[in-house]
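Have a look at these structures, which come just after this line.
Here come two complexes built around chain A, the first alongside chain B, the second alongside chain C.
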Partner chain A sequence: MLYALLGGFGVAALAPWLHQLFGRHSGWALAVWPATLFIYFASMLSGVNDGPVLIRHDWIPSLGIQLSFMVDGLSLLFALLISGIGVFIVAYAGRYLEQHQDLGRFYAILLAFMASMLGLVLSDNLISLFVFWELTSITSYLLIGFNHEDAAARRSALQGLFVTVGGGLALMTGLIMLAMVGGSYELSALLSQGDVIREHAWYAPILALILLGAFTKSAQFPFHFWLPNAMAAPTPVSAYLHSATMVKAGIYLLARLNPALGGTQLWLTVLGGVGAITLFIGIWLALRSTGIKKVLAYSTVMALGTLTMLIGLGTDIALSAAMAFLLAHSLYKGALFMIAGIIDHGTGSKDLRDTGGLFRAMPITAVTASVAALSLAGVLPMFGFVAKELLFESVLSSAAFWITMLVIAGTAMTVAVAALIGILPWYGKNAATKKTPHEAPPALLAGPIVLATLGLLFGLFAPLVDERLLGAAVSAVAGSSVTPNLALWHGINVALGLSALTLALGLCLYFWRDKFRHYTRFTDTLAKAGPERGYDASISWLVKISAWQTRFFQSGYLRYYLLIILLTFMALVWTVMLIHWPALSMGINLQGIQLHEYALVFVLVAAALAAARSESRLGAVASLGAVGFTVALLYVMFSAPDLGITQVLVETLTVILLVLVLFRLPGFLRLTSTALRLRDAMVASAVGITMTCLLLFAADARLYDSISHWHVAQSVPGGYGRNIVNVILVDFRALDTLGEIFVLALAATGVLAMIRLRAEDKSR
Partner chain B sequence: MSTLLATAVGVLYATAIYLILRRSIVKLVIGLVLLSNAANLLIFTSSGLTRYAPPLIPEGADMVLNGVVADPLAQALILTAIVIGFGVLAFAVVLIHRAYEVVKADDMDQMKDTDT
Partner chain C sequence: MNMPNQPDSLILRVTGHFLLPLLIMFSLFLLLRGHNEPGGGFIGGLVASAAIALHLFFTDVQSARRLIWLDPRDLLGWGLTIAIASGVIAMFSGLPFLSALWTELSVPMFGMLKIGTPLMFDIGVYLVVIGTVLNILLSLAEAEDA
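Moving on to the complex of A and B:
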């Protein structure tokens, strides 16, 4: 399993090279990899009804992060879809982008995406699931922006990335909280903890965060706007990522977590409501669009809304409907997108208004398109019909009235959309096209034909699909064993009546489509003021805020950097001190201080203040000397003779050096106003008080014994020296001293270099 | 006594920060000297103050006589710090002198440009 997944990244890395090796047949050659994976996953089908298979590898054991995989009905359904459709997409891309110079790079990203997507649906560990989740966002970004010389493609790519990665951030928080509540990072363990999770106080925030991640990824309202824009990607990408697989990652997550999070009133309301709204808005906008890919993209939004709504309803029949709908949608939408690419490839038209009568030039494509469109419309005997019947039955039995109405209206409009795709371009009078229409080559046709045929066969043999594939998937979503009972014929009932009604309504809508477009113009203004406007505004605010904060923090003035650092330092220190205030005690003790010690400290303080206030350079240096020598005296008085000696020596040198150099510099000027001086004085005093308080608190608290007892004891026997400080410096901590010597040598070199530089300047 | 020294450390920090916040680069250097003194004294005070017990072992003995001795480790650290502080100061002083020769001003606001 690990090799099957990580091998995908290896193949992706080799893809550009393989592309050069196989030349124009590289598409078929590379399709071998997904085909192998498909066979591998198909071989697991027989065991899937016996319960999930778990496979574990340690990844970061110290953090409890494992590369663990779970194969059950749900993940296997997705894995089969990803690898199966992947075969045709890779072969298709090889021909579709034949002329493109970066085809090798395209393969690499596409195969990397496939590996990430498989990892996402097979992961058992939440962290690795999240990593794969983000990898799909990144590869999607690269694929949407594949034609990177096009500004619109770049913008769409960035938009998709921001929306999905923003949701990903929320998802990560939600997943971590979920793991904290459920006590495990393994999905297999969490799914049985549903009751604990649903009762927990964090349930609502966890749900909100995870839903944010799932809704952004699966383009639910109000995040639906990025998906149609993502159609800037080459058509194989639209067919694969933005219809059959990646956008279903959010649906996968919802379905996967249904046993852990689902079944509450909140879950029902949010998923049912958002799903139904997305469904209706998606199909409405689809009917208002004329670009072939735009129509398909919006109808994908509709499908994603339907799936969300069905998972939200959560009854056994709704979950069966969800899985059947998911399978049906992947088949017909994958096929239709590839056909949209064929139309573009064969005629140069991207718009429905520029096409017509193509049946004569490309009959095979036309028939395939019609079959796929029949499944989209949900006509007997296609698999789409089976899914739609289940959809009706589940909303009739458990959804609110307004949701049922939206579903019926949406389904009728779907029929109209299916007619737009399945009839309009093919029949009727010929439209003038940029290129002379010609039938597509086998590499382009293979995918649509196979997928559309499967849509028909699955419909005819629905019970078999149920038994072999969907039963296990629905059971995995429900968390208990469920038999979906898929069948083509459910008898004459309300659902069948609704099917007939929506079919008739949809066809009427198709014939009066121009009138519909005319009377619904007003919604375009609404759509323009919609969520995409919000996205644009938040992006421009983001830029403004980051520009402002850069100007604020990176002012280029040392004093402002220092002010920020000091204020942050004090805020942090005082927060901690105030939190622990009751436990702290100031070790104030003025007993036993002798008069000369008072005098010494008085001199020290007076000299420091004089140095700060001095208006002349020499005065400041003299005060500095006084401070230094007083400190030296303090060292001597408190048993540190070595420090005293060093300090006197260094202080003498310092004063000499400063006098020598400062003598050549101009006198102090008054550069800042009194108000600014006052501000700085206040900040400085606050820092001083903070340090004093810290020291007073620390004086009273020694948590651990000093390690210097060892140094004292070992000085003579270990270091053969009687001055313990010296022994530490040259023996116990000799490496520190070596470092110190290096620093001094470096400083000396620098000084020498600058003096030399000056001498050369003068000699010139 | 540590209470008294803690106050002194506070004053040293305050004056050092005040000087570092000035525009004059000479004052900045003076502030740096004060700051290193303040830090050294902070470590010295917090390691505990001991009178009349330098960390020396008398001739002929293997150990300190009565067992109480000032903390030698803190002193070793401070000694290193004093010397390095001097190295940094020497470098800084030559640097500001050089900078003054180029910019002709003791004002950091005139040193914001990268090319001079």
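Moving on to the complex of A and C:
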């Protein structure tokens, strides 16, 4: 299992090289990998009926993070879809992007995405699930922005990234809280803790955070806008990520967590409501669009809304409907997107209005498109019909009235959209296209044909699909054993009547589509004020605030940096000290201080004052030196020879450095006003007082025994050294020292760069 | 590096030539005895840097660079590498990163000598400290000359 997942990243890394090796046929060659995975996952199918299979590998054992995988009906259904559709997408991309110079890079990202997606659906550990979740966002970003010379593609890529990663941040918080409540990071353990989690006071916040993650990823209203924009990606990407796989990650998460979080009134209201609204808005916008990929993208939004709503309803039949709908949608939407690519590839048209009569030039594509569109419309005997029947039955039995109405209206419009894709480009009079239409090569046709045919076969043999594939998936979502009872023919009932009604309504809508568009123009103005506007506004505010805070904090003046650091430090220290004020005490004991120690302190204070008041630079340097050497003397007197030696050496080197730069500085001028000097003096003394108080409080408050006893006791037997300071530095706390020398090296490199840059500026 | 309007000092030059090897030896002495007496990589590194800074005062940057025959930037890299390597050694024996390992060698005339990875780590610290100080010092001096 580990090899099946991580091997994907390996193949991705090798992909550019393999592409050069296989040249024109690299698509087919690379498709061997997902095909292998598909066979591997298919071989596990019979095993999951007896319950989930768990596989564990330690990753970060000290934090309880494991690479653990859970294979059950749900994850296997997703894994099969990802690898199965992946085969055709890779082969398709090889031909579709044949002329593209960066095809090697494309394969690499696509295969990396596939591996991340598989990791996401197979992870048992919440942390690794989250890591894979974010990896899919990042690879999706790279794929949307694949044509990075196009500004619109870059913008869409960033938009998708910001929306999904922003949701990912919420998701991470939600998952961690979920693990704290449920007492485990393993999904397999959490799913049986449903009662504990639902009763917990954190249930609502956990749900809100996780839903935010799932809704952004799966393009639910009001985050649906990024998905149609993501169509800037090359078509294979749209077909794969933005219809069949990645956008379903949110749905996967909802389905996966249904046994742990689902079944409450809150769950029902939020998922049911948001899902129904997304469904309706999605299909409405699809019907109003004319770009082929836009239509398909919005109808994907509709499908995602339907799935969310069904999971929200949560009854056995709704969950069966969700899984059936998921499977049906992946099959026909993958096929339709690839056909959109074929139309673009074969005719140069991207818009429905520029197409027509293509049946004569590309008959195979046309038939495939019609079969896939029939499944989208939910016409007998396609698998889409089975799913739609279940959808109606579950909505009629358990959903609120307004949701039922939205679903019926949405389904009717879906039929019209299916007709737009399945009829409009192929029949009627020939439209003038940029290229002479020609039939697509086998690599492009293989995917649509296989997927569309599967949509038909699954419909004809629905009970078999039920038994072999969906039964285990639905049981995993429900958390108990459920038999979906898929069948093509449910008898004459209300659902069948609704099916016929929506079919008729949809066809009417299709024939009067121009009138519909004309009368619904007003929604365009509404859409302009929609969520995307909010996204743009928040991005521009983010930029403004960042610019402001950068100007404020990074003023470029050392004095302001110091001022901000010191004031922040004081504010933080005093906040904590004031909170614990009653418990603090200062044990000041002036007895036993020798006269020469008083004298040293007097010298120290006098030197510091002299440094602050000095009228010349050399005087200030000398006074500071006096401060340093006095401190060194104090160290020696209180038996810390190592500190004393270090202090003396550092003072010496500081003087040498200052001598080097002294000649480069302009003359010593008093530029600051008295008021500013007063302010600086106040800040400086406040910091001094803060430090003094902090140390005095700290010295008096001892919560635990001092660790120095342990160090003293362990130094010789444990560290083989009598110099405790050194033993601590190089043995007991060696990792700290390692960090410090890294900081030292970085600082030196920084100084070097600054001096070099200045020197180069000068010489120019 | 010759300061502006500064005559070449004979006394500084002569004493400097004598002090340089002594200081370097003293810095090595501090480094090696650090585990048992005051000293160690940090202090040793500072002494060595001071010695080379002294050399810088009576000769010039080129001569100081020749003296350390490695670019101070490389010293940073080698120091960090040695320090990390000292930690990795323990991992080969299945111990956590940076665990101390000791062994005793018998050296003729000296007797038993204990060496271990902490000493190697300290040598890394020593090199990083010298590298840091000299990086700053030499580039400042060079900018002065330019």
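Points to keep in mind about this one:
The definition used in the following text is that the second predicted complex is superposed on the first by the 596 of 764 C-alpha atoms of A that agree within 3 Å, B and C clash if a C-alpha of one lies under 4 Å from a C-alpha of the other, contacts with A are read in each partner's own complex, and residues count from 1 in each chain.
FYI, a contact is a pair of C-beta atoms (placed from the backbone, for glycine too) under 8 Å apart; a residue touches a chain by one contact, two chains touch by 3 or more.
These numbers come from a predicted model, not from an experiment.
In the superposed model, A:Asn49 lies in contact with neither chain B nor chain C. By the touch criterion defined above, A:Thr652 lies against chain C but remains apart from chain B after alignment on the C-alpha atoms of chain A.
After overlaying the two complexes on the shared chain, residue contacts for A:Thr36 are found with neither chain B nor chain C.
Using the contact criterion defined above for the overlaid structures, shared-chain residue A:Asn723 touches chain B and also reaches chain C. Once chain A of one complex is fitted onto chain A of the other, the partner contacts of A:Arg756 are limited to chain C, with no touch recorded for chain B.
By the touch criterion defined above, A:Gln193 lies against neither chain B nor chain C after alignment on the C-alpha atoms of chain A.
Between chain B and chain C, B contacts the larger number of chain A residues. In the superposition on chain A, contact is made by A:Leu558 with chain B only, not with chain C. Shared-chain residue A:Leu566: touches chain B; no touch with chain C. Of the two partner chains placed around the shared chain by superposition, neither chain B nor chain C is touched by A:Thr173.
Common to the chain B-facing and chain C-facing surfaces of chain A are residues 641-642, 646, 650, 653, 657, 661, 664, 722-723, 725, 729, 737, 744, 747-748, 751, 755, 758. Across the interface of their complex, chain B is touched by residues 556-559, 562-563, 566, 587-590, 592-593, 597-598, 601, 604-605, 608-609, 611-612, 617, 620-621, 624, 627-628, 631, 634-635, 637-643, 646-647, 650, 653-654, 657-658, 661-662, 664-666, 668-669, 671-672, 680-681, 683-685, 687-689, 691-692, 695-696, 698-699, 706-708, 711-713, 715-717, 722-725, 728-729, 733, 736-737, 740, 743-744, 747-748, 750-751, 754-755, 757-758, 761 of chain A. Contacts from chain B toward chain A in the complex involve residues 1-24, 26-30, 33-34, 37-38, 40-42, 44-47, 49-59, 61-64, 69-76, 78-80, 82-91, 93-98, 100-101, 106-109, 112.
Taken in their complex, chain C has these residues touching chain A: 3-4, 34-43, 46-47, 49-50, 53, 72-73, 76, 79-80, 83-84, 87, 97-98, 100, 102, 114, 116, 118-119, 121-122, 124-125, 128-129, 131-133, 135-137, 139-144, 146.
Residues 641-642, 645-646, 649-650, 652-653, 656-657, 660-661, 663-664, 719-723, 725-727, 729-731, 734-735, 737-738, 741-742, 744-745, 747-749, 751-752, 755-756, 758-759, 762-763 of chain A touch chain C in their complex.
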